[in-house]
Amino acid sequence: METMQATVFHGVNDIRVESVPKPHAGPGEAVIKITATTICGTDLHIVRGEYPVKPGLIIGHEPVGVIEELGAGVTGYQIGDRVLVGAITPCGQCRACLSGQHSQCGHGFGCEAIGGWRFGNTINGAQAEYLLVPSAQANLAKIPDAVTDEQVVLLADIASTGFGGAESGGIKIGDAVVVFAQGPIGLCATVGAKLMGATLIIAVDGDERRLAMARKMGADVALNFNECNVVEEVLKLTGGGVDVAIEALGTQPTFESCLRCLRPGGTLSSLGVYSGKLQIPYEAFAAGLGDHRIVTTLCPGGKERMRRLINVVQSGRFDPTMLLTHRFSLADIKQGYEVFGQRAEGVLKVLITP
Amino acid sequence: METMQATVFHGVNDIRVESVPKPHAGPGEAVIKITATTICGTDLHIVRGEYPVKPGLIIGHEPVGVIEELGAGVTGYQIGDRVLVGAITPCGQCRACLSGQHSQCGHGFGCEAIGGWRFGNTINGAQAEYLLVPSAQANLAKIPDAVTDEQVVLLADIASTGFGGAESGGIKIGDAVVVFAQGPIGLCATVGAKLMGATLIIAVDGDERRLAMARKMGADVALNFNECNVVEEVLKLTGGGVDVAIEALGTQPTFESCLRCLRPGGTLSSLGVYSGKLQIPYEAFAAGLGDHRIVTTLCPGGKERMRRLINVVQSGRFDPTMLLTHRFSLADIKQGYEVFGQRAEGVLKVLITP
Amino acid sequence: METMQATVFHGVNDIRVESVPKPHAGPGEAVIKITATTICGTDLHIVRGEYPVKPGLIIGHEPVGVIEELGAGVTGYQIGDRVLVGAITPCGQCRACLSGQHSQCGHGFGCEAIGGWRFGNTINGAQAEYLLVPSAQANLAKIPDAVTDEQVVLLADIASTGFGGAESGGIKIGDAVVVFAQGPIGLCATVGAKLMGATLIIAVDGDERRLAMARKMGADVALNFNECNVVEEVLKLTGGGVDVAIEALGTQPTFESCLRCLRPGGTLSSLGVYSGKLQIPYEAFAAGLGDHRIVTTLCPGGKERMRRLINVVQSGRFDPTMLLTHRFSLADIKQGYEVFGQRAEGVLKVLITP
Amino acid sequence: METMQATVFHGVNDIRVESVPKPHAGPGEAVIKITATTICGTDLHIVRGEYPVKPGLIIGHEPVGVIEELGAGVTGYQIGDRVLVGAITPCGQCRACLSGQHSQCGHGFGCEAIGGWRFGNTINGAQAEYLLVPSAQANLAKIPDAVTDEQVVLLADIASTGFGGAESGGIKIGDAVVVFAQGPIGLCATVGAKLMGATLIIAVDGDERRLAMARKMGADVALNFNECNVVEEVLKLTGGGVDVAIEALGTQPTFESCLRCLRPGGTLSSLGVYSGKLQIPYEAFAAGLGDHRIVTTLCPGGKERMRRLINVVQSGRFDPTMLLTHRFSLADIKQGYEVFGQRAEGVLKVLITP
C-alpha cells in the first residue's frame, strides 16, 4: 500500500506528522498532490480541543496542488492540472446548494449548519502530501500559468471569508465601513470593503503591525483600541455611524462594538466564530426598531468562487502574498503551529509546502 | 382660540381626555379631522411609563381623517379629502429617507434610531379630534370611495409593520415560515407571509382564540406553546427548519425560539420591541457560521406605502376589520385602554371614533 | 435488448410512436418509468420544424414517474420512489450552476444559452415509457403520498416558468401587474403574480375561455384585446402604468405592449420565445432614460425548485389540474398533438399517460 | 429688478449669453450663486434641436455654487454654504421618490418618464450666474472644505450616471465587464466598474486618446473598434461572455454589441439616449431564453447621492479633474459649446466659471 506523510490529530495538543495510506479517487472524486497549504485559526481551535474532531483525522483545509487521480465521471480536467480547492466543498446537488447556499451543503437539510466544511473536519484534510477531493467536478479550480501557488493559497479560506463579509454586508459605493480585528480574515475583509467601493474604511486592532498592514491593504483610517474609544471615534468620523460593520474576531466586545458603531438601518456583518452566549444590548439595538441587519457568513467555496478570487489576484487588485509572513515544510509543520499559535514574530499566515 | 378634545399623557397611568388648542397647518403641513384611530401596544408602554414621552403630549399614531387645512406648498389635495396617514411620517428629504430608509427619517443622521416615528412620540398624536401632519406632501394617502375608514385604520401601523416583517424576511414562493405570537402585529405578519407566497405558515401563540384567528388569516398550522414543544414541532414539520422566522412579541424566549427554528441560511425577521439584553445562544446561532440573517423592521410609513396597503384591502386580499373587536368613542377611550391593556374579552384591536 | 415505446421525431411534421431501446443508468444517472407527461408549446415548434432537433430524438420534457434504476453515486433514493423531474436538468457543478444560474447550465460557459434544457432537445425526452435522467442527484424530486401525478406534472415546466416570470419581475405586495397572453404559461404567471402579493392583476388575451380561466386563477381584471385598447385601459386602471408587465407569448406586439404599459421604473418580465428581430420603440422605452428593466427567464429546474412547487400544490395554494383539459395514452399522443396544436376544444394542457 | 447673465436657448443652434432676471427663493427653494458648471452632451442635443425645450429657457444642469437665498422651510443650511446640486432634483415626497425611484420623480405618477430632470429641461438651468433650486431640502449637498469646486462639478451628472450604470448592472467582485464608448459617461462607468470590484474591465472606443484615459481610469484592456472585432475579442478574453456590458453611447451598434458580448444570464446596463427604434436580434437575445437582463439608468440625484460621490473624490478613489480638459468663462460659453460639440482638441469635459 502506498503511503504519504500527513498531519494527524491524535488528541488535544497532540498532532503528529506521520505516514498514512495515500488516498485514491472514487467516482466523482479526485486526488491532488498538495503543493501549498497553510494553517488556519480553526486548526488551532482543533488542536487545542476547542473544536472537536475525531482522533486520526488529517487536518487542514486550504489546498493548492496538482491533479494526481481523477475518479469516474469527473470531466474537463487532466492529470497534472494545477488546481486550487476551496476550504468548503459544496456538492452542488443538494437542497442547500440548489438554493444557492453552498456553504451549508448537506445531502439532507437538517438544522446542523456548516455542512459544506468537510476538509480537516469530517474528512481528511490538506496538511498532507495528497488530498482526496469530494464532488471534484464542483471543486477543482484551475490555476492559470501566470499565477503562482503562493498567490492563491490564501484564497481557499481567508480571502473567500473576508471578502464574503464585505459582500454579505452589501457594501455600496460611498459606504463607510468599520472592520473589527485585523488578523488575516479581517485584513481580507478590509480588502473586500475596498474592492466593493467603500470610501471610508476604518480598521480596528490593538497591534500596530496589523494596523500598518491594514493601511497598506486599503484602510483609510486605522484605530488602535488601546489608544482611543473606538466607538466614539467611529461615530465622530462618520457623522453618526457606519453603513456596515464587519466583525472578524468572534468575541462579545467586538460584536457589541460593531452594533454600537452602526447607523440606523446599518448592517453588522459577522465573520467570527463565537463561543458561549452573545449578548445584544437593548440600546445598541435600538430595542429592535433600528432597521438593523445582522448577517453571518461561512467561507464561500466551490470552483466558481475560486475562479473569481484567482481573477482578483491575477488582475493585480490584491496581493495575498503580503500576508505570507512565514514558511515551513510539512515535516516542520509543528513549528508553524507554534509560531502561528503564539502570534509570534508578527506572523500573519504561514505557508506549508510538502 | 379654537379647542378640541384630545387624549393627553400626564404621567404614568394618567391619561386624560381634555380640551386643548386645535392645531393649524404651517408650510408643508396639514391638519386632518380624525374620523377613526386606534390604540397600539406602544401606547400601553407609554401609559405604563415603559417608554418615556413628555407630559402634555397627545398620544396615538394611527390616524384616518378628512383634510381640514393645507399649509403652503402642499399640492394635489383638497380640503375634505379622506386620507390615511401612516404611523411613521418620513420627510422624504433627509439622508435616511433619500437612502430609502424612511422609517429612520431624521434631518441629521445620528445614531438615534426610529427618527421617523413622531406622532404621539415627539409631536402630538392621533387620539384627538384634529391632528397636525408634518411633511404632509409625503404622508397624506387618499382613500378611495369604495373603501371605508374602518377598513384602513389598521394599515397605519400594524398591517404595515406585520407585512414589513414578512417583506424584510425576504419570503419567497414555497417558503416555510413560523410566526411567533399572534397578536395584531403577528396576525398581520401571518397575512404578509401568505401574501408573499409562503406555503407552510406556522402560527404560534398560547391563546386559542388568537390561533383560531391565525388560521382564518392564512396560517396552515397553529401551535399552542402550552401544548407542545414548538421548536421540535417546527423542525419536524419543516424537515429541518424554516426559511424565515418572524418574531412579533419582543421577548427573549420568542427571539431565541425563532433562531432555533431556522434552517441553515435562514432569516430571523424581528418585529418585537425588546427591553434588557437579548441573548443569542451559541448553538442556536451555529457559533456564527450558519449563514443566518437577523433583520429588524420599524413600521414603514409614507403615503406610497399606505396607497399600496389600501390596494391590498381594496382588492379583497385582506380584511383588517376582522381584527377590530371593540369600538369606543374618543370620550370613552380610557375604557378602550383598559380592555386592550388587559387583553380582556378576546380583544385584538379597538376602534376609536371622535 | 429490452425495448420501450417512445415518441420519436423523424422530421418536420413527422413524429412516430415506436419501439426503441430502453435506457439504462450510468454513474450519476437514473432511469424512471414515466407515469405522466404532457405536450409543450415548444414540442409543437420542434414538430413544425421551427426549433431544430436531430431526427431520431425522443421528444418531451415534462416527466413524472417511478424510479426504475439508480446509477452509481446517486444516494438517498429507492427503486420505486415516485418522482417529478424538472424540464431543465442542471448539473449543479458547472460555472453557471455554481453562479446560481441553473437554467444556463453547461459544463463550459460559452455564449450558447439554455444549456440546461436537455430533455427532448439534446438528449432523449419524456414522451416515452422510460426516461434517462442526467445529474440525477440534483434532479429527482420525491412526490409526497398526498399528491397525485396529475397534480404535479405541470410543475415541471409551465408552472416553474410562469411563476419564474413573476419572480424575475420582482413583484411586491401591492404591485399592479399585467400578463399578456393567458395560455398555460401566462395563466401560471397570473397565479405567480397572485402568490407574490400583486393586488391588481390584469390578464390579457383574445380568447374568452382563457380570460375566464384567468379570473378563476386570480386575475382581478381580464381584458380581451379584440374589444378594447389594452394599453390605454391598463394605463387608466393603474393611474399611469404597471409595476411589472409579463410577456407570455413571444411576439412583437405583446412585447411592445408590455413596454407601453410600464410605469417609469417598471419591469418587463419576458417569458416568450421570440423569432426574428424584436423592436424596442424609442418612446415606449423613454429613449433609454425610464429606469426600465427587461428581464428574461428560462424555466428554473432542479429538485429543490420542484420540491417548492410541489409545496405550493400540496398547500392548496394552486390547483394545476384545472389546466389539464384533455387526456391521451402514449399510443394516441399524435391525437394529443393535433388537439393541442390546433387549440381545439378549449384545450389548455394535454395529459399523456404511457 | 436685479438681473444676471445666463445662457438662454432661443431656438435651434441659437443660444445667447444675456441678461435675465435674477431668481428668488420661494418656500422650500433656494438660490445658489454658480461657481462652476459644465456642458453636457444633452445640452448639445438641445442646442441642435434634437431634444425639445422651450425657447427662453436657461440651459445646463451641473451646478456647483454658494447658497445665496434660502426659502421658507429649508433648514440646516447657511447663506454662503458651498454646495453641489445633482442634475436630477427629486422632491423626495411623490410616489416615485417614496418608491426609491428618485430619478423618475413626478408629483403624479404617469407614464412620462425622466420627471426628475428639471434643470435646463423644464425649469431654468445652471449655465448662469444664479440658479433657483427646487426641493432644496433634498438637493443641496454641502461640499467639505478639503474639496474644491472643480473636483465635484462632474459628480452632478456624469459620475452619478456612469457609476449608476455599474451599480444597475449589479457588478460583483470578480466580474468581467465591457464598457462601450469612453466619452465622459463611459469613462465614469469604467471607474464605477473598478470601484465595485470588477477584475476584468474592457473599455471600447475608436479614439486612442479616450482609450488611453480609460486605461488610466482603471480599464484592464482597451479595444479600438477600428482595429479589431470587438465582440470576438471580448468573447475570447472572457471565455464566453462578460457578466455585465455597459452601453454608454446610445446607438444600435453599441447596444447590439453589448448583447452579443453577454454570457448567458448576463446583464446589459444601458446609459445611452436612443433615437428611433432599437432592435434586439433574435440570436443575440437567445430568443428570449438566455436569462438576460437589460436595465436602464437615468442619472441618480439628490443630496445623499451627491454626498456619497463627494466621499469617493475626497477619499482619493477617483479624480474627476482628469476629465476637465478645457476651461471657459460664462461669457465665452459659446466657444465651449463649439469645442465640446466638435470633440476638438481631445476635449472630454469643459469647465464653465461665471
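Note that the chains are named A, B, C and D in the order they appear, and that numbering of residues resets to 1 at the start of each chain.
The working rule: a contact is a pair of C-beta atoms (placed from the backbone, for glycine too) under 8 Å apart; a residue touches a chain by one contact, two chains touch by 3 or more.
Quantities reported herein were computed from a predicted structural model and do not represent experimental measurements.
*Asks:* When you check each chain against chain B and chain D, which touch both of them?
*Replies:* Both-contact set = A, C.
*Asks:* Given the two chain pairs B-C and C-D, which is bridged by the higher number of C-beta pairs in contact?
*Replies:* C-D
*Asks:* Counting only Cα atoms for the centres, state how far chain C is from chain D in Å.
*Replies:* That gives a centre separation of 41 Å.
*Asks:* Pull out every residue in chain B that's touching 2 or more other chains.
*Replies:* 99, 108, 307
*Asks:* Report the topology of the inter-chain touch graph, choosing from line, ring, star, complete and other.
*Replies:* Contact map by chain: complete.
*Asks:* Per the contact definition, I'd like the list of chain D residues that touch chain B in the complex.
*Replies:* Going through chain D, the ones touching chain B are 27-28, 72-73, 75-76, 90-95, 97-100, 102, 107-108, 135, 137-138, 302-305, 307.
*Asks:* Which of the residues in chain B come into contact with chain A in the complex?
*Replies:* For chain B paired with chain A, touching residues are 96, 99, 101, 103-104, 106, 108-115, 235, 239-241, 250, 260, 262-265, 270-282, 285-298.
*Asks:* Which of the residues in chain C end up touching chain B in this complex?
*Replies:* On the chain C side, the touching residues are 163, 166-167, 172-176, 192, 195-197, 199-200, 220, 307-309, 311-312, 314-315, 317.
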